[in-house]
C-alpha cells in the first residue's frame, strides 16, 4: 500500500506514460551538464528530476538506442564514453558489482565528480564501502557518496517532509559542495556526513530495519513469553496436575488475555521508570551537568517505543476481553451454572461484592485504555508536529502518569482481596497480578515522593542550573526548553 | 472539522480581525506591483500573502470605497481600470461567468500577464477552459492559469506540506516564469504544466473526488452486495422456504457479520494478487524491461486503497462480532437452551470440539486484525514518510502476507469440517467460507511457489537486470530502490 | 514518548556524543560572527545549528574552560565580554532572571542586535515582557524577541513542518530583518510579529495549553456531568426511593454508558449547528458580506474540536457497550432469568419486537461509529493535508451529516416506543434519549429545509456574491474556495 504511488497518481491523472510534470523549484536555468551512467529506474527518475531542475542531462548507456525511448525527450541518451566526457558531474547509477565495467572510462572521468548512489544488500559492520572501492578504482576522480537513501519514487513525486535529507560524504570538499548545490536545486536538503570513510554508515542507512524498535520489541516478547509460561503453569497446569481438570482450552484466549495486560502494565511502567532514575541521579549529584550513564540515555530515548508496545498490548487485551462472552466455553459454563442453580433451587444468585468489583475494574480499565489511546495518537508524527512543547509534555507526562495510575487501579481492583487468599497461590506461585503490580507501584510512589514540596523545589533548582556548592554559578537558556529529555517526563 | 482553521487560531490568538502576521519567507522587498481584480475572500487572502511577500498590491474593484476596509491598510484599493493600469501582473479573482465584464479593461491589460485563478463547477472532459476563454477575450494579454488549487485558507495560514504545489500553465513562457518567481516568493512550489491547453486539466484538479478510490470502493460494494445476497439466500431464505423458520431478524447483524469478513478477505487477497501476477509475467518474459499491461499497472498502484477497504471491513466485522453476545436474540436463545438443558436433565453440555474450534479461531482472528491495524497505521502519510523504504516494504509485504495467512487460517478454523457437511449446502450452495477461501489460498500458494529456491533465484536475477538470452546486458542502479512497485510486494 | 528523539536517533546511529551532522541547507558560507551568551542546552543546540548554517559562532560564558568540551570544536568558547565584543548579533540564551548579570557588558553590546530567546513560566496578560525589560536595560542595543517557540530538539534535528515558524518582533526593523535572514539561513521561516510590544504575546505562545480545546472540552464535561446526574436520578435514585431497589452498582458502567452517547450526539449536532446558523443569517441578510457575530465565528472555528470530542465519547460508548455482557451482573441476571423461566415452565421466551429493535439499533450504531471514525481519521493533520478541498468538504460535510443522521436513527431505534410509555417518566423526567434527540433533529430538519430547491438556489446565489437589492453588484473569485468556513459545512 505505497502512499507515494497514490500521490503520484493524484497529481498526474490521465498520464500513464510517465511524462508527468515535476516541480520546478528553481526558476533560473542551471546550465550545468549532468551525466548519468546507467539506465535503470533510478537513473530514469533522476534524469527526470534533474531536467525539471533545469539541468542538461546526458545519460550514458552501453546500448543507447534501446533506451532512448524510456527517457524524456530533453535528456540526451548516448554512449557511456560520450556522457562521461561531456559532463563535469557524473552520477554512477549502476549496481556496485558492475562498477569495474566502467574502468575503460577512466581517462574521461579523470578530474570529475562521481556520485555513487549504490546501496548494499546487507548492513556492513566495517570494511570498504562501495564508494570507497569506486574511489580506489578512479583515484583521479572525486567520489561523492549520496542519494542512496532516496528512492526512485521520491525522485519522481518530489521530496516530502520525511524524505528530504540527502546524506553526502566525500574526501573532496569542492566536489561535495558542488553536489550540495545540485542537491538543493533538486529540492532536497543535503546533510554533510564528512569524509568518504563515513560512506559505510551512509550505505547502511537505508538497510536498517526499525533500529529504535529492537530493544522494546525484544523486551515485550521476553515479558510475553515469561508471563505466558507463568500463567500456563499457574492456571492450566496446576489444576491438571492437582485435580486432573482439563482446562487446556484456556491456552488460546484466556491465558493470552491474562498475559497481555501484564506485559502492557510492566511496559508502561518502564516508560516512566527512566525519568525517575534521571531525577534521582540529578538529586544525588546536586547538578544537571553530569552526563547520564549510557544505558539511561538509551532508555530515555526509547520511551516512545516502550509506550507504543504497551499500548498495542493493552488494545489487544481489550479486544480479547470483549471476546470472552462470545465464546462457546462461556456459553457452556453459563448453561451448566443455570442447570446447577435450578437443581439447587437458588432463586437469586446475586453477589454484590463480585458485581461491584467487576463493574469498577471494567470502568477504570476502559478509562485507562482511552488515555493510552490519546497518548498513542499524540505520538503520530503529524500530530506531534502540530502541538507545542508544553502541550506535548502535558500529554506525555501528566496524562501518561494518569494512565499508569488508572491501569494500576484497574489491576488492583481486578486483584481485590485475592492476593491474600492462600488458595490462589498455586505451586506457591503468587497470582500474576501480584507480580505485575510491583513495578508500577514503585514508579508511582517514586513519582509521588518527587512531588513532595522539598524534593520538587530542590529538583526545580537543579534543573534551572544551580549547583549544590555555589548558589548561582552560571546562567541557562529559556526555561521549558532547557532539557528536552527531562521535560517530557516532567522529572 | 477543518484543520487549517484550528492552526490559524493557534498562531493568531487574540486576533479576531484578520490582520494576523503572515510568514515573510522572503526578506528582500519584491518591489513588484501586483494587481488583483475582484474583492472576494480569495482576493483578500491573496492580497495579504502578496503583501507579506513584500509586493506592492493594487486591488481593483467596481466599488472600491465599499471594500477598502476589508483589505489590509498596505493594499491600495482602487478602481479596476486604475489597478489594471498600474500593475504588470494581474490576478483575475473573479467568477468566470463575469470575465466578460472586464472587456472594458482590454487596452489597460494589453501586454500584461493575467493570472486566472478561477475554478469550474464540474469536471470537464474537454472544451475550452475558463483560462482559454479568457485568453480569447484578451488576445493581447498573456494568460497564465494557476493558483486555483490553493484555497483562501492556505493563502492565509501559509503553505503546508500537502498543499505547496501550484500548477501553472501558459502559452507565454515569459509570463509563466514571472508567475513562477512570484509563486516561489509566496512560499509555494510552482509546477510547470505546459501550454494553456493543459488548463482544462488544471481546472479539473480541485474537482476530483478521491479518484484513486473509485475502483476499490466500487469493488468493495459489489462484493458486499454479492455476499450479502448469497448469505441471505443461504442462511435466511433457505430455512424459511424449507422449514418455515422465520429468522429474518438475522438480516441487520448476523448476515452483515458474515458478509463483512468475506469482503475483507477477498479484498486483502486482491492486494497481494497483482504482485504475484507481476512476478509471473516477469518470470515468463525473462526480463523486467517489458511494460506491464495497463490493468496490472493500475491494480499495482491501487493496492493501498484495496488494503484500506479490506481493513475497514475487517474492523467493522470485529465490532459486529463483539456485539453478538449483547443482543436480545442471543439472550433468548441462551435462556431457551438453559430451559431445554434443565428439561432434558443434562448436567454438563460441554463439547470440547466446539470449544477448541472457537477459542482458536477467535485468537487467530484477533491477531490478524492486530496486524491489519499495523498495516493501516503505516499507510498514514506522516508515518509512511518517517520510515525508510526497507521498513515500509517489510511492513507492507512481510507483515501483510502474515496478516493474509492469519486471516486465511481464521477462516479455515471457522469452517472446521463444515465444508464437508452436506447439510450445510443449502440450495446446493456451498457455505460462504468455502467460496471466500479460493482467492487467498491461491495467492498464498503462488507466493510459496515463488519462494522456492529455484524460482526465487531466477526472479532475483531478473530483478537485478539480467535477461534470459544475454548474461549481463547492462547495469542498473542501487538494489532495493530499482523498482518501487515490485519492492513493496517483495515480488 | 517524544517523537523528535526517535528521529534524532534514526539519523545518527552510532553517535552517542552529539556531534551528529546537521543539515547544511545553505552552501555559501555565511561569514557572519554570531555570539551566544549562555551555555545551556539551548545554547549548545543553537551553536551547532549556526555552525551547520555556515556561521562563525562565539559562545560567551563566565567559566569558558568548564564548557569548552560541551560545544563543537568549530565554536569558539570564550568570556562573555569577548563574545559580546566580537559579534554583531548576539543571542541572549540566559534565564530572564539573570539578564541583569549582563549589565557589565553594556558598552560592548551597544549598537548591536540582541536576540532574546527566553520564555516565561506563566502566561502573562500584560506588563513588560522579558524582552521589553532587556530593551530597557540595554537602550543602546537593538533587542529582537524570537526563537523562544523553538525547542533545543528542533534546533538539533532540523526544522520540521509543524515547527518551522520563528516569530520575531523588534522595534528596530534593521535588526529584525538581519535576524530574519539568519533565521532563513538556519532553515526556519521567520514570521514578522511587528514591534517589541508584541513580545508579551510571543513569550506566551509556547505556554498555551491546547487553547482551541478549552471551550469544547468544557462543554463536553458540563454535558457529561449534567447527563450523568440526570441518569443517576432517573435510573438509580428513582428505583431506590420508589421501590427500595438497590441498583447503585449501575453507577460505574451502565449510567456512564447512557451518559456517553448522549454527550456524543449533542456534541455532534453542535458541530453542524453553527453552519446552519450561518446559512440562516446569510439568507436573512440577503448577502454574505456582513460579518458574522463573534460567537458564531468562534464556534465555526472550533467545529473540529467539537467533532473530535463527540467521536471520543462515541468510541468510549462503544467499548462500554461491548463490555456489558461480560459483567458479573449480566451473568447473574441471566442465571436468574433462566431460573425463573424454568420455574414458570416457559419453553420459548422469544419476543420478536425486542429482538428486531436491538438488532436494528446495534447495526445502525456500528455504522454511525464507522463514519465518525472516518471523519476522525480525516482530521489527522497529515491526512487532511493530502486531500483536496472538495474531498475534505465531502468527508466533513456529506459524510458528517450522514453520521449525524445515523446516530439520530440509532437513538430513535433505541427509544422505540418508550418515549410514549408513562412508566418511563420517573419523577416526571422524560427518558434521556428524548432530551438528547431535540438538538440533532432540529439540525437535520434545518438542513433539510435548506436543501429545498428554493432555499438552496437563494443560498447559492448569495454565496456567489449576489445581493438582494442589486442583481449583479460585483464579482467574486473562484467558486468552491471563496469561503473556507462555509464550504466545510456545505452551508
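Going by the order they are written in, the chains are A, B and C; count residues from 1 in each one.
Convention: a residue touches a chain if its C-beta (ideal position, glycine included) is under 8 Å from a C-beta of that chain, and two chains touch if they have at least 3 such contacts.
Fair warning: this is a prediction, and the values are worked out from it, not measured in the lab.
Enquirer: Take each protein chain as a node, join two nodes whenever their chains touch, and name the resulting shape: line, ring, star, complete or other.
Expert: Chain contacts: complete, every pair touches.
Enquirer: Is the contact between copies chain A and chain B built from the same residues on both sides or from different ones, judged by whether over half of the numbers are shared?
Expert: The interface is built from different residue numbers on each side, given that under half of them are used by both copies.
Enquirer: State, to the nearest whole Å, the distance from the C-alpha centre of chain A to the C-alpha centre of chain B.
Expert: 24
Enquirer: Which residues does chain C have that touch at least 2 chains other than itself?
Expert: Counting only residues that touch two or more other chains, chain C contributes 161, 205, 208, 322, 325, 334, 338, 342, 380-383, 385-386.
Enquirer: For a test of understanding, state which residues of chain B touch chain A in their complex under the given definition.
Expert: Touch list, chain B to chain A: 7, 161, 165, 167, 177, 180-181, 184, 189-194, 201, 204-205, 208, 211-212, 271, 294, 297, 300-308, 318, 321-322, 324-325, 334, 337-338, 341-342, 346-352, 354-360, 362-363, 366, 369-370, 375, 378-392, 394, 396, 400, 464-465, 472-485, 488.
Enquirer: So in the complex, the part of chain C that touches chain A is made up of which residues?
Expert: 1-6, 8-11, 13-14, 16, 21-25, 27, 38-43, 52, 61-63, 93-96, 98, 101, 117-121, 148-153, 158, 160-163, 187, 205-210, 249-253, 256, 312, 315-316, 319-320, 322-323, 325-329, 331-332, 334-336, 338-340, 342, 380-383, 385-386
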